[in-house]
Structures are given as structure tokens and as C-alpha cells.
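There are two complexes below, and they share chain A, which is joined by chain B in the first and by chain C in the second.
== the complex of A and B ==
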């Protein structure tokens, strides 16, 4: 199978020299790419700063089965199609890394990247989120030697081995199901007594013969040898238990990637961008879309919807700037 | 093998060269240069994101050789090195492992980390 080109039009080392734009979109996941597609069709001069991680979290997702109109696909395929569409529509893709942002004297936003500075009339923040860590002993020490946050990447290393999955949401359940096609046994530990995952996923995992669930259980420690993880220590309703385990996959939520924008817009207590009317932030020319926001539901379909709304809001803002009507 | 080694030694713009697992001891034993080996896989999204970053850095910093090993083709070597995650970048100095980086890193982070390693005494 020929590998999919995730980066059609990838511009390589010369990408990003800074400059002026009507709209900068920070982030190249589903929210940013959908915003780019809509913005380009509004004929807004749009630069998508996708960083060095084009595709966002979607690249790390194995199967997508809840995106309307697409029965089943991989995250990579879906995001590659989105990116191709945004490029085709006329977005300029930039692979620079965003380091910070500020407001200029003329009201425009300055986006500082390692490839130069952008002065933009409007900004859509769509930088997504990164996996949260558990903070238990051994987690950092064994990262890459049994501890992983990406089953899509690392499941094949655990063929015929035992793995633990921590979490009870959609990601934990989806990735436990993915791991079960490689590992000899999958144990999911969840601190509550019911899964938060959507029922169709929960039903799948509950009847899977190679996945067991330990309810009301916390992972206390990950232990091993120089070769990697070999056991975990759990706190169960019946007391502490030590289990032999070759791998630990952590899915305990996500941390919004808002560091470069902390002084630019108001953030919610969890670090996400605080929004009103879905995509508006505390600053009139800055909008937000997708997992970086304080929205409750964080799905591909909500990210792209946010992206479309954010582009529409940016368009309305730009239309009302002096000297731009018509 | 010898030809590409000679090209690398000239230190001009080089790229990330794909090697087989059995070549690892040879390419990492080179003297007076740091060697970064990226253990990667075709099915791994972050690996594909990392590749252009390494390509860029390989053209920007002198004194380094960059290689890529596909863990599916070099399972024995990856296993003996305890690789359980891709991408994993292992840095060698004169045949000895001096650093290991797991997961995707953006260009700025990775470049400054490698530059720091090159300056560190004894590494």
C-alpha cells in the first residue's frame, strides 16, 4: 500500500518567513483545516501555521467511525483529505512553530514563530491539546519503554504481551480495542464504576473476550527493570494489587495547547481558551475552535464545525474593518 | 555504504539515510561525529511528522549523521535496544549510546537539544 501523503505541498525548510495576513490560523488539525477551507472560500488571505505536527491529534487516532458520511476510516486518511482540501482552496501552509503572541499598536495580532513574525488582522486559535500525564511514579522513567500515550503508534510492540490502559473515556476505550488486536491481554483500569465513553464503544469493550475492566481502580505506580515496564501497582476496592504488565497506555484527558496565547486571550481554569457563542474569545479579532476551547464535546465533527463557525466569525469581523466593506 | 559515508564526512547538506538493522554497529562507530538513529515505522503518524524535521535539521547542523531504521524490518535490533515506542531517537557518540528521545519533537526543541548534546563534555 502506498503511503498517504499527509503533507501535499509540504514546503520544507523554507516554510514560514513571516509577513502580513488577514487571517492566521494556528493549528493544522481538523478545526484549523476546516477553518482554513471556509476562510479561503470567503476569499480571506489565510495562513495556516500547522507547526511541525500537521494533522494534530487525528494523526494519532486509529479508527474514526463517527464522522458522518464516512463509514470507517483512519485518522490519518481523514486529516490528509482535509489538508488537501484546505491547500486546494488556497490556504498557505506554514510549518513553523508558534512561540508567542501579542497585540500590536494597530490592533492587529502579532504571531511570533521560529520562522518569522506574522502581523494578522484576525486569528483563529486551533492548536488542539496534548495527552495529560497521570503523574505516578515510573510514568516518566518508563516513557518509551512500556509507557505510551499513543496506542496507534506503539501497539505493535506489544504483540502477545499484556498491557494496561488507564482511563474510561472514548480515547481509552477506542485504544484498548485497538490494542486488543495485538496484545494477548488488555486490562483497562478506571477510577469510576462506569465508562464515560459513548455507549456503542462501551458495549464493544464490555463484551470483548481479551479485555477486562477493573472498576474503581487507580494506577499507583509503574515499575520495571532496565529493559522496561514489567509490573504495575494498583489500588483496587480490595486493596493493593501488583500485576505483571509489559505496557501501560495512558488516556486520562488532554491538556489544551494554549501556552503561546496565555497573555492574548482569557483562559478557562483548565487552561483552555474561554469562549462565548462557541468561537468568540475575550478579544474581538481572535477566535478559537476545536479541542483548545472550553467546549464539552471534543470530537472531530465538533472541531470541524467550530472551524467553520470561527472562519465565518473572522469573515464578519474583517468585513466590518474600516476600508474593507464591499 | 562507503560512498554515502564519504559524502556524509564532507559535512555538507545531507539527508536522513535509511539503513538496515545490521548496519547499526558500523554507522554508529564513526569517530568525532554524533550519530542520531531514528527508530521509525511506516504506520506511525508521529514518525512521519518527525521525518521532515530530521531532514531539515540534518542540513543545518554540522558534525552529525542522521539515520532511520524501520522497526518492522529490524525487529531484533529494536527489541535488543528495548525500543517500545516509535519514534525513538537514539544518539550515539563513538558507538556508545549517549541519549534517547522518545516521541515527536518540533524542530526548535530538537535542534537546540542536539546542539546542547554536541557541546556537553564527555558526550
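== the complex of A and C ==
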């Protein structure tokens, strides 16, 4: 039996009711939760707006082995501990979808959620990133019928079957290793001739018996029948190849989740929030942390560090607002 | 052995203190040929010990075939959650992992007066003239699944025209195969309309509204295309 997952923030009214806050944190992954923990300890009235899957990308990660002080854990255990700590510290958790944001006449920021509008003196954007799509034929058509972006969710459906993993970074390699404990064969295709994943992970996959890697190979098309995916068409150094395949898991990078904030702060060319001094954005009362930013290293440990800095910056900003005691 | 840590049990207890009325849980299990029955009984028994508001009835699916049939129970373990007035909202399979949160949410929803659906959804339910039957396929390791499951369960708790079944896909491979489940959450409505992923409530209601204008029979229709939202969002 899977461990019982207790997420009481999720229970109850789905979306909160809106209202006023000193600080709204958009996003309930490691960056948002760390920011919430620090902010609550600064005694800032803080609302954390979690998305549909509280915990962000971290809960999609099967195993975390590089978070200092914790030898080996799962994404959901780590995020549950972080969330518990933020709630205990006094953060208000709301599980809702953020539709948009704007600046109010009084200088505060308005955050429009499915549950209502929040007027907040400051905002930390920590909405993370969502998996990028490859954009190949068949990808959208077979989504949920063999095409997946979540091995943690869907691996059991591929027990004893063959799966293709696309990508060469940390996520692709980690999830290929996870899938290898279910699937009869795992094929990883990568367009380069070396993995981008950290060497510890790369070494693991290179010596894995049931995972083969096709180098300098691109996925051109995902094909199948009404029942789902049954083959893939690849471009290899030796020409086009068709392989029989039951599933395709795509890990080709992430798209920062900045759509609700595009008019509020400046974005970098890749769509991430442009930052200065790590957490400052183009607006003085809006800060950013974690994978949603233009930072290069996208790790749990950097996300939580960003979160702490963003809370500290928000605190400094709030203290200097007129009518407040320092 | 306690399944919940002392701290988690305390949290659940506090959560149950918010219940305004009794919550009736009818559980169908059996001793033989049931992968998840013992675990399901253990989970429910532990929850039952945390609040007097929970009225748990355990029925043996093999020795109570008449009740099983009148409740329309197709598989075990089945957990029916309500305020005692209906059997429209249920979970099939062990409510572990993220499905434990779904179960807790269903309990709190059944026992509270709180409005937990958006206004547009309530309007939609009030205007319903046809029956809706949701089958939401989930896995215990899918963090997106409770969102899809809970919206369907809430609609069933609210409207007498809606039935919702949340199905742990791993425990019923034949049914998962029949409904071609290869990714979760997968929602199937009235055997014809389907959606992969957890649609935002507004988008789901919009899509269902359009779906109900279509004939009852015909080819499968993707709700996501009706809702006009990009797949996978």
C-alpha cells in the first residue's frame, strides 16, 4: 500500500475566497514553501496559493538524493515536510488556479484566482515550470494513451511493456531509471552524443541492463491505433527507424509558468521571470524564486534558497512602506 | 499497527472536528480475491477511531449480494461516502497515497455545509436534465488525481443527477484496459466523453455543457477539445 498522503490544505473549499494580504506567494513547491516559512517567521501575513497538485514538480520526482542533510527521500516526503513546516509557522494555504495579476491604483498587486481576488502589498512568484512539449506529430493525440509527462503517475500502466524516454537531462535519466523497474525495456533517445544529466545519474543509466540509449537520435513521430501508441519513428545517425513502442515519456526541459504574470513583470526571452540580485523583478514589490526565474541551476536546494531570499527581500520592502513599524 | 503517525492522526482529528453532521461510510469488502480489502478496512477503521461523526458500515460483498446490487456496487473494495441520503459518490480501490487525501476531502465535503463548488458549477448542476456518470481513473502516486476526483465527487454529492466513481486503476486492470487507461487522471463521463488530466473546474463544466448537447451515443469525444483548452494543461 502506498503511504497515506495527508494534505489537509487540499481538503475543504477548493479555492479560498480572496481578501487582503501583506504577502501572497504564488506557488506551493519548494521555493514557495521555503519563502512561506521564512515570511511567516518574519511575522508577515502570508497566503500561499498552491496549484492543482500541491508541491509542484517536486512531487513528480521519484527520488531525491542531492538535498543536503537528507540521504535519500522521495519528492512527496520532502514536500510534505516542507509544507507542514510552512503551515505550522502560520502560512494560510489556498488551493487554487491563478488566472492573472495586475497593479492596483494603490500600488498593491491584485492576484485573481478561481476563488477570488487577493489584494496584496507584495508578491513572490514561485509558480515553477511545467514540462515542455516536443511538438511532434502524435504527441497531443496520444496524450494519456501512451504519451506521458509523469512517470510517477503512469509508470504502472507500462508494466512489462516497452517505453521510450526522450531527453538527456536529470529528469529524463531519473525517470528512465524509475520506469525500468516497471517496463520490460526502456529506450532513451537523446539528440546529442553525451548526457547532460549529472554524472552520478549518467553512470547509473549507462550501466543499467534494461535501458539502452540511442545517441544523436530525434523522435520524429509518435504513431498508433485507437488503443494508443504502438510505434515511434526516429531519426538516427543511420537514417530513419521505426520502433515498436507502447509508451513515450517526454522530458525535454520545462516551460516557466509565467502566463498569469506576463503583464506584471519583465520576462526573459525564454519566458522566465527576469531577475536581478537573484530575487528582484522589474517591480519593486514583486519577487521571484525557483524554477520560474531565469536562474540556470534548477534544483530543490536552489529553489529553497531563492525562497528564503525572496521572503527576506519582501520583508525589507514591507518594513519601508509608509505607516509600518520597522 | 497505526497507519497514521501520531501527528497526522492529530491533524485528521482536528479536521474531523469541523464536521457539522454525521458522515455515512458504507464499505463493501470481502476476504477472498480482493487485493485491497484488508488495507481499506484498516484505513477506515483508523479514521473511524478519530471521530464520532463517522458512521462506518462494513458489508461483506459475498454474503450481502442483495445490498451490493441495490447499491450498484460493481467491485471491491468499495467505499461509499455521503451524508446518509444517497450512494452517488464512491471510491473503488484502496484509498492510499494521494487517494487518501481524496477520501478525506470526500468525508469533509459530506459532513460540512460549506459551499465547495464554484457558482458556475452549481448553476450547471441545477440546470441538469440528463444523468451524468463519472468514472475517474486514478493511481495513488498521481498528485494531479485528487483534483479530478474531488470535483466529480463534489458534483455527485450536490446533484441527484450525478454519480461519481473514483477508480484506482492499478487494482482493476481489466476495467482499466476496457477504458484504455494509460495515463491518469482519466475521466470518462457517460461512457462517451473523456478527458486526460485534471481540467480546471470551469473548463470541465463548460465542456460538459457542450457535451450534453451532443447525442447520447456515438464516437468518443475529448472533453478537452470541447473546453477549448490545450491538452496537458
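The definition used in the following text is that the second predicted complex is superposed on the first by the 314 of 326 C-alpha atoms of A that agree within 3 Å, B and C clash if a C-alpha of one lies under 4 Å from a C-alpha of the other, contacts with A are read in each partner's own complex, and residues count from 1 in each chain.
Here is the rule we go by: contacts are C-beta pairs under 8 Å (C-beta built on N, C-alpha and C of every residue); 3 or more make two chains touch, one makes a residue touch a chain.
The model shown is predicted, which means the values in this text are computed figures rather than measured ones.
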Touched chain A residues, chain B compared with chain C: C
Contacts of A:301 with chain B and chain C, given as first, second, both or neither: neither
Chain B versus chain C as contact partner of A:140, first or second or both or neither: second
Partner chain(s) touched by A:153 [first = chain B, second = chain C, both, neither]: both
Which superposed partner A:59 touches (first chain B, second chain C, both, neither): both
Overlap of chain C and chain B interfaces on chain A (superposed complexes): 3, 6-7, 10, 12-13, 52-55, 59-60, 76, 97, 114, 143-146, 148, 150, 152-154, 156-158, 227-228, 247
Complex interface listing, chain B residues touching chain A: 41-49, 52-53, 55-56, 59-60, 71-72, 82-86, 88, 100, 102-104, 106-108
Chain B contact footprint on chain A (complex, rising order): 3, 6-7, 10, 12-13, 51-55, 59-60, 75-76, 95, 97, 99, 114, 143-146, 148, 150, 152-154, 156-158, 226-229, 247
For the chain C and chain A complex, residues of the former touching the latter: 3-4, 8, 11-12, 15, 18, 36, 39, 43, 94, 96-98, 100-101, 104-105, 108, 112, 114-118, 139-147, 150-151, 154, 169-170, 176, 180-184, 186, 196-198, 200-202, 231-233
Complex interface listing, chain A residues touching chain C: 1-8, 10-15, 52-55, 59-60, 76, 97, 114, 130-131, 133, 140, 143-150, 152-158, 227-228, 247
